[in-house]
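First chain written, first letter: the chains are A, B and C, and each begins at residue 1.
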Amino acid sequence: MADVIHIPLWYLPLLVLLPLVALAAAAVWLRRLAHRQSIAGEEPDWSVPPLASEKGDDSMLHRWDVRCKIVTIMIFSFVIASLSHLAPALAAVGISLIVLAISKACLARVLFRLLALAGFLGILAVVMPFTVPAHPGDTLVVFAGLDWLGLNMRGLLLAATIAARAVAIALLMEPLLSTAPLPVTLHGLSRLGVPEMASQMVLLSHRYVHVFRQEARRMSSGMQVRGFRKQTDFETLRIVANFLGMLFVRSFERTERVFEAMRARGYRGRFPEPVKLRIRPADILIAALWMAAAAALITYDRVIL
Amino acid sequence: MHISDGVLPVSVTIGGYAAGAALAAWSARRTGSDELPKVAVVTAAFFVASLIHIPLGPTSAHLLLPGLAGALLGPASFLAIALGLLLQSLLFQFGGLTALGANALMMGVPAIICGWIFRKFKGRTRLRHMAAGAGAGALGTAMAAIILAVLLATGGEDFFGVAEIALLAHVPVIIIEGVVSAFTIGFLFRVKPELLEHEFFKPTKARHG
Amino acid sequence: MHEIDEAIQFRPASGNPIFRMRGLSYSYPDGVEAICGISTDIFPGDRIALVGQNGSGKTTLIKLLSGLLKTGGGELSYKNEPLDGRLLEQKSLETGVLFQDPDDQLFMHTVLEDAAFGPRQQGFSSVEAHTAAQRALRQVSLDKMAYKAPHNLSYGQKKRAALAGLLAMEPGVLLLDEPTANLDPSQEQVFLDLLKNFPGTLVCISHDLIFLYELCDRAVVLDQGRIHHDYTMRELVSQRHTLREHGLDFSFRLVVAPQVPEHGKSPHENPHSGGGRVSDRTPKQPVVAMQDYNHRYPDGTLALKNINLAIEKGGRVSIVGENGAGKSTLLSCLVGLRQGKGDYFFSGNPVTRKVQKKLWRRVGIVFQDCADQLFCPSVKEEVSFGLRRLGCSRAETEAGVFRALSMVGLEGFEERVPLHLSGGEKRRLALACVLAMEPELLILDEPTAGLDPRGEELLIQILRDLSVTLLLVSHDVFFIRELTGRTLVMHQGHILEDLPTRDFLTDERLGNLNGLAYTYRVQNTRDIQTLQHEHEHEHSHLHYHLHSHPHRHGELVHEHPHEHAHQHLHRFVHRHPGQGEKHDHAPRRYHEHDHPGHDKEPHDHSHD
């Protein structure tokens, strides 16, 4: 039978609302901080962050062969995802933080990434303690007078583990992506067997996301100056649909023009290779060290705990 | 909603990657290699469209658009969606690297199905088009929500509650998507009906009958 | 009736043509003929201006020449070989096409990679391609931007980067589609210099005949897919009737040419330029007043510094300044899209957050790219959109739509799709949408961008007749002069000067600062004016006719063919090189004309 701890009802707001408030405050704070440090546009929703910093940072991760980097970080991410206990997951966060420090990544962008996770993880943290079924050995917190609402500490632990795993992986994204120009990273991917066209498509999309975002922003201010304000009503949906329709029509037209421009400059189904890649022994060494850390984590998670 | 890293069991994420890759390859073959750069550009537009927030009482929902993508792009929609999710994960950390395959399945499979449904039922009039659009939009999101719930539930019974709530949370989004898709299709029917008539990306090989 | 003068070729074939077209045709997939029966040659070193109204097939012809479209009929050969298949692939590496929108063309991740794309496709190694790309970027002075992503560039820089992508391939032929559309004057000058230095063959589409006059020597006029004229640029600009016939008459702009300094005041004072000389009138309640207004971008750059501005009711004010001077930021503050720090009064009331949200009811703005403003499936819905937001009833909306559309000359367009309208019609529709809301202040951001001369003429007529307070942002000296009486000169976020438009136009120092002193334009305008100088002139044209009509000789009425001569007046385009000298006619003196009714004219003739 699960251990049941009875506590007075007034703890409920304390236990549920306080974390929520704290989380919201943290999110707002992160957003402020990230905003102050970034050059994002007016509306944060529209801003598309850059993928590579313009200043030529240099770190061990910048010099690391991009194929080794991708493979290592991918494997490590899956290893993190497979951890089932909180302690190793927290250790993984620690490793990620160290890597982050080595890579000299831009703090604002890391914060943005964490911020994007906050919503999903926040929901998990609130929902899971109440919905996880009680098992023998679980600790339940039951509020006086609300017997049906049992707060399962195992759910909280589960949510925390998930959050730690997600954060550990998210922290690795900046070291993975911003330590080399995107074309190089993608070229590395295609040298690893991903079809070249796939990485070219990513590049093209990435390029035109910026173009369309500017287009969409101009269109939305065009609507604003004629008095459109989003509300929860049918009319808003209709106008948003017009907006979408217009965006699509313009994008389909642009698509044709882009393709023509490509052909006019000799595009025949292939893009040129951006760089020649070379693997040095040091690259392998770093990969091996990192993999050893991953193995240690797994062992800790599966064997020791 | 996208599933973030660290939620799904590793076996499911890897399975998702495998299935996603297979479907993406199928989608690319159906689209034809000449058209792939175009798919990439259109994906950018869908990406931007999915950043639009619609106010919903005190909160807001952002559009998912699997139905609309299916209706406009046909089989290429899976590729477009996978690409869009990858970008999202690269740029914003929505979704996440390990869950990419699963997320692509969650949005892409409904898109393909909805594309087929839309083409089957769109008829000739504007109203029929809009009705088919509404159906595709709502169904696309509904299917995405169901797949999301199923994927979450693979985590074991601990996740059943989360899956249920995720499913419920999608109900208003399903309605919004249906309405927006219907109006968008209606708009396109008047402004640029060519986009709805045939698949924008013609497959290189003749369709097998 | 207008005649197609294909008989008169620009020049006799000298050497081998690069492009040879014989009966070249092309139809769109929907069956509409875009190009029909074009026969001409393009020789190495030609600089051809391809002109014609919107929709006359210019862009299609360029696509045919570049091999992007397959010919629909007739013969098109490139360097004596028919243009198809393998040759087409090889040729596209020798021909550069500059498209209108640079974003279409910059599809790679960085400017450098983009410039290197062409050479890589030509088969050069990575190192060679990057050297070529660097060289091309230096040519367009973008070498410092080489590692930037295209979306971080300004419009003018993007346009130059797109050109660099072509120059890196060292093409023999450059095909340019509206190379200077939307560029500010200094950027345009840069572009012009680049193109003038290009050694190869040029084919350039543009509506800007003054620009073309500077760049090209041969003019090909297209109309509905056919070549209507093919002669020298001088002949084109000197023949006003031809220009008018093809909707290209830009002569209404020519009055702009600033007079020689001695003349001082401009002879052409617009009666509507009321807002000028604020100082010598008792100040009325200003519609807009800004004091010490600053705006900082989120990244910390100060976009507006210490703006002090007052526009009185009914005033007509223009803002000039180079790209990036802060004009657009100022506009978005004025309409309430952004908020800066400082005092902003609208009609005497301070603009607080709350007022700012409602500013749209009182300020109307037409964007530079009006496609950004049109998002409804029909013209009627488009115009009624704003009215509905204002809370007008159905009947009021209906009336408002009708009124607004008739103001801009778009009556009967209610059910048309805005997206399918021509550029000029879209611009007028965007204006109608704003006018329907009866704004107290009307802001126009670059209203002439992308319009053909006919569209410009229509637009200026409409704007002249409006009685609203007007704020015009433009690079276009002609519009500034025609529409406004007061000019604000912006530079790096400041308002440098606030002076009557007339003084601004004669102040060369300010012109230089903003790159508005287009020396070449002034020179060309004068040249063209002398070429076009049109006046009624008595030419004794002796016409000998043989004709018969009844006439009387004393008692005898009879009819017989007879020859007679007569004299009449002609309007004739010709130029005067100087006073006292013999004047000189435009190159094609021969022209056809008929003499209506001269049979009936009384005349004498002898009977031998």
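The working rule: a contact is a pair of C-beta atoms (placed from the backbone, for glycine too) under 8 Å apart; a residue touches a chain by one contact, two chains touch by 3 or more.
Note that the structure is a prediction, hence the values are computed from the model and not measured.
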Exercise for review: Draw the chains as points, connect those that touch, then say whether the picture is a line, ring, star, complete or other.
Suggested key: complete
Exercise for review: Between A-C and A-B, flag the pair that has more C-beta pairs in contact.
Suggested key: A-B
Exercise for review: Report, in whole Å, the distance between the mean C-alpha point of chain B and the mean C-alpha point of chain C.
Suggested key: 43
Practice item. Please compute the C-alpha centroid of chain A, do the same for chain C, then give the distance between them in whole Å. Key: 47
Revision key, fill the gap. Chain A and chain B have mean C-alpha positions lying a whole-number Å distance apart equal to 19
Point to revise | chain A residues counted as touching two or more neighbouring chains | key: 203-204, 206-208, 211, 215, 242-243, 245-246, 249-250, 254, 258, 262, 267
Exercise for review: At least two other chains touched by the same residue of chain C: list those residues.
Suggested key: 377, 419
Practice item. At least two other chains touched by the same residue of chain B: list those residues. Key: 186-187, 191-192
Point to revise | List of chain B residues in touch with chain A within their complex | key: 1-8, 10, 13-14, 24, 28, 33-34, 36-45, 47-49, 51-57, 63, 68, 72, 79, 83-84, 86-87, 90-94, 96-98, 157-158, 160-162, 164-165, 176, 179-184, 186-188, 191-192, 195, 200
Check your understanding: Okay, in this complex, where on chain B does chain C touch?
Key -> 186-187, 190-192
Check your understanding: So in the complex, which bits of chain A are touching chain C?
Key -> 35, 39-42, 50, 54, 181-183, 203-204, 206-208, 210-211, 214-215, 218-219, 221-229, 239, 242-243, 245-246, 249-250, 254, 257-258, 260-268, 271-276
Exercise for review: Over in the complex, which chain A residues touch chain B? Could you list them?
Suggested key: 45-46, 48-49, 51, 74, 77-78, 80-82, 89, 112-114, 116-117, 120-121, 123-124, 127-128, 130-133, 154-155, 158, 161-166, 168-170, 173, 177, 195, 197-198, 200-209, 211-213, 215-216, 230-232, 234, 236-238, 240-252, 254-256, 258-259, 262, 267, 269
Exercise for review: Please give the residue numbers of chain C that touch chain B in the complex, ascending.
Suggested key: 377-378, 417, 419-420
